[in-house]
Amino acid sequence: MSGHLIDLYGWSGALASFVLWLLSLPFELLNWIALQTGAQKPGPLVGFIDWLAGPDLTALVALIVAITIVLLWATAFHLLIIMWIERKMYSRLQDRRGIMIGLGSVEILRNTIGRIPILGAPFRRPSHLGTGFLQTVADGVKLFQKEVITPEKADKWMFHTAPVIIAASTLLLFVAIPWSDGFWLMGSIENGRPVNPLGILFILAAFSIAPLGILIAGWASNNKYTLIGGMRAAAQLMSYEIPMLLCIIALVVFAGTLDPFELVRKQTAPFSLGPVQISFLPNWYVFNPFLWIAFVVVFVTVIAEAERIPFDIPEAEAELVEGWTTEYSGMRFGIVFGFKWLRALAGAALISILFLGGWSGPVFATFMVPNMAAAGQMYPVPILPQEFWFTLRIYLIFVVFVWIGWSVPRVRIDQILNIGWKRLVPLSLLSILLAALARGAWWS
Amino acid sequence: MVDGELVAFVILSAIEVASAIMVVTAKKLVHNVFWLAMTLITIGGIYLLFRAELIALIQIIVYAGAVPVLFLFGIMLTRRKIMEEPHESE
Amino acid sequence: MAEMWINMGPQHPMTHGLWNLRIKVDGETIVDAEPEIGYLHRGYEKIMEVREFQKNVVLTDRLCYVSSITWSHCYCLACEELMDIEAPPRGQYLRVITNELQRIASHLMWLAAYGPDLGLLTALLWALRERELFLDLLQLITGARMNQNFPRIGGVRNDMPSDFGKYCRKIIAHFRKKLEEHEALFEQSKIFQMRTIGVGKISRQEAVDFGVTGPNLRATGANLDLRKLDPYDAYPDLNFEPIVAYEGDSYARYKVRMEEMKLSCDLIEQALDRIPDGPYRVKPPRRAEGEAFRRTEDSRGEALFYVIGDGDDRPYRVKIRSPVFSNIFAAPIMMRGNKLADVVAIMGSIDVCVGEMDK
Amino acid sequence: MATDLLARYLPVALFAIFALLFPVGTFLATRFIRRDNPTPLKDLTYECGEVPEGEAMIQFHFQYYVFAIIFVVFDVAAIFLLLWALSFDATRATQVGFAAIVLFVAIMFAATNYALKKEEVLYI
């Protein structure tokens, strides 16, 4: 039982060989024509086709396809959905309907597909009574067309580099986040199982680069709001990295590994804590009483790392206009602003892998799908695959983020840092002590 | 067959040396720190080529994440136009 | 250590209108602050000199765009004093009712603005949702939602509809329940307490020195409510105690306003119980001579109109005293020594309305 | 094992290149769609509609510097603890080693609490 739907390497390998086959078609044709005209050997073309079909190029193209799939999966699929979830969810919290632009708002679709009697019903809706899903797309298109203003006094070179650093480090989070046993980029297969011994540490490393970009962005704009906003953001992100790292250490004391695959495998087993064994409960670390503190602290730090509301003082639109993003406009603003959601998404995935059993979930029924990598073979896929369970967890965690974020005011920056250093760091040290003592007492 | 490892090493060390030169030649202090961060990140990549995965990640966490930020905060303590005469606003 | 000036305004999310607060910071700590006003100056006092007494009501309506009835009311009272007439009892009660409705609507607008100031955007929508009900009530009685043009020299423009009392009681009962939700959102939240308790303190003496009035003064412990101290209209007939808090910080100012909304609900219910029948308006004389002033308890503090007539049908000179004008210049006192992020917690609690401040 | 390590990081290296190209490509792509119309007024530093006053790139308060220093210290200590946690089962074999680490964390805990109680001036 594989349990996952997307086998990234199988898929991308098959896709890559398809792409390469398509590429080689014209050469095959030339080859065939040359053979028909009586030539014995068609010359260098054979070598080119051989090179196209060779394992190295196929592997490289497969990798590029896989990377593109992951990038699109994160930015085009999940980013749009969680933005939509956030906007709809907080609108409901605020007693209103929120964004309403849907398929029915697109004039062309309404006039064409909308005229079909039954099937066209979703397209026939009045302009602003849709699901609102197209609003994020519309915002993206709008930002694409916006003018980019570079302040005259700004340090232009750094001003344009900083968003790239932030965006790249945010995207880099997703290389280490596996979405199921088969949907991953970073790792290798040992004994038929994916392993990635330091995956969580890699995620933390990718998280730790952002303060540099933010600080540079704030400085380079040469604006007072961005300078203060950048300093606040950097101080906050740094301060909350420490408790996160310490709490993950407390988890590592129990789990003994930083491998996301291994962590999830351990959490799939029935609950066991020293002498206590409970068969019906999965071994999620959130059920472990010695890790409750760590769970809460990691949850809070992820909210802070994603700069969400109780800790969104770096943005703080009430006193610092738009924080360190004040001077950015057009797509530069769109990227740095939209990628905050990606950080929240990665944070939610991190929480899920660390404490909530990752992508493990019950298998109800399976159906057979053709294996793209090996023609003619079928393999069983559950109706609700691992990707579904993982996405469900991420969205639920994100809904909790939204719920918290839109029902509390913002914390002041010195209070944020105080909470970070005076509450969370001692708490996380305490949780390391608890974990070490618990394991030391029971297993020695 | 080209050795991928060698290519990676050459590219990484080229970036590293270039950014190390930029560290000492760049005019503005913040640019120096940026290039320093680039140098440190590429050093992390070179550690990786030595098969030192943990130390590479620690290099990135500590030296790319923490030290340049420390330097930047330190630079904020200095006057910006360090070679010119002190600039007084108003 | 370098200190720098930061402009907050005129185009800044904190200012709620066009004015500028220049803040001198040392790192994150506020060293000094300087309010700069005049971006919205329209020369009200001068325009009023060329319009007839009665026609000025339409101007005073626009002094504060969230609390227009209270301002027109104050102007009408001053003119009545000048012309030596008095509104009939029913008119006085109607004035009390609309005044208090407007006060609730204004305080709800303040609450709606205070939430986003602190990063709590949900409060904006919730408070505006409740404000709609009171605007509906005002619309029922005056016909307009924003610039009602309702008070008249010598009474009010029209009587209230016969079923107004019924709707009013219903909405007030609903509002009392909803107010508990707002309290849960604001004062029962630990983060809100962290942001406001002890922030923006001002002592009673300093507040009096700077001419701070209204809820901001009552939050420092001064029991100074003009509805009690210098009563006008039907207020002497009603039983109420002014709301007072003692800490003088943002939380106290918040608390005073929240309690005042409840007090206004009580006052409206009392006034609806006691409203007499009879005429609601007397005809004022066209011309007036002499000088008169009248101060009322506006939703933001002590509003004062000083009107001089020279026997013409137009006022010779009108002087408006805006409570926000005084309150805002006490803000630097409250800010000094606080953090930069506290600016919004302080300015939001002061309740700025630029329309009346710049006149 | 050794080849596996680099094989594992090949996607990361390619992904890093893609991650760098993604924002750069987006920024370049907008260049062809949007229309820039810079004016001196528009290019002015935003200061809420007022004429900018003074420099923003000035000597700033040292308060955040303290956080950066503490961050580096804690980062290194946390990495040290991480190495211990990863080899927990090995170190636990010797009771002394285990006790030493617990003592280390306890000292860190106590020192943090003490320092944070004493620190009032340096924090913003």
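Lettered A, B, C and D in written order, each chain numbered from 1.
The rule is short, and it goes like this: a contact is a pair of C-beta atoms (placed from the backbone, for glycine too) under 8 Å apart; a residue touches a chain by one contact, two chains touch by 3 or more.
Computed from a predicted structure; not experimentally measured.
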Taking each chain's centre as the mean of its CA atoms, the one lying farthest from the centre of chain D is chain C
Comparing the two chain pairs, does A-B have more C-beta contacts than A-C, or is it the other way round? A-C
Give, as an integer number of Å, the spacing between the C-alpha centres of chain C and chain B. 57
How many angstrom between the C-alpha centroids of chain C and chain A? 49
When the C-alpha atoms of chain A and chain B are each averaged to a single point, how far apart are the two points in Å? 27
Distance between chain B and chain D based on Cα centroids, please, to the nearest Å. 14
For chain C, give me the residues that contact two or more of the other chains. 4, 8, 12, 28, 339
Per-residue overlap in chain A, given as positions that touch at least 2 other chains: 201-202, 219, 224-225, 231, 234, 238, 241, 321, 413-414
Two-or-more-chain contact residues of chain B, please, as numbers and ranges. 53-54, 61, 65-66, 69, 73, 76, 89
The answer for chain D against chain A in the complex is residues 4, 7-12, 14-16, 18-20, 22-24, 26-27, 29-30, 33-38, 40, 42-48, 52, 55-57, 60, 64, 67-68, 70-71, 74-75, 78-79, 81-82, 85-86, 88-89, 92, 95, 98, 101-102, 105-106, 108-109, 112-113, 116, 123-124
Can you list the chain D residues touching chain B in their complex? 2, 5-6, 9-10, 13, 53-55, 57-60, 62, 64-65, 67-69, 71-72, 75-76, 79, 83
As the complex stands, chain D meets chain C at residues 47-50, 53-54, 56, 58-63, 124
How about chain B: which of its residues touch chain D in the complex? 4-5, 8, 45, 48-49, 51, 53-54, 58, 61-62, 65-67, 69-70, 73-74, 76-80, 87, 89-90
Touching chain A in the complex, chain C uses residues 4, 6, 8, 12-14, 25, 28, 115-122, 124-126, 129, 185, 189, 191-192, 194-195, 339-344
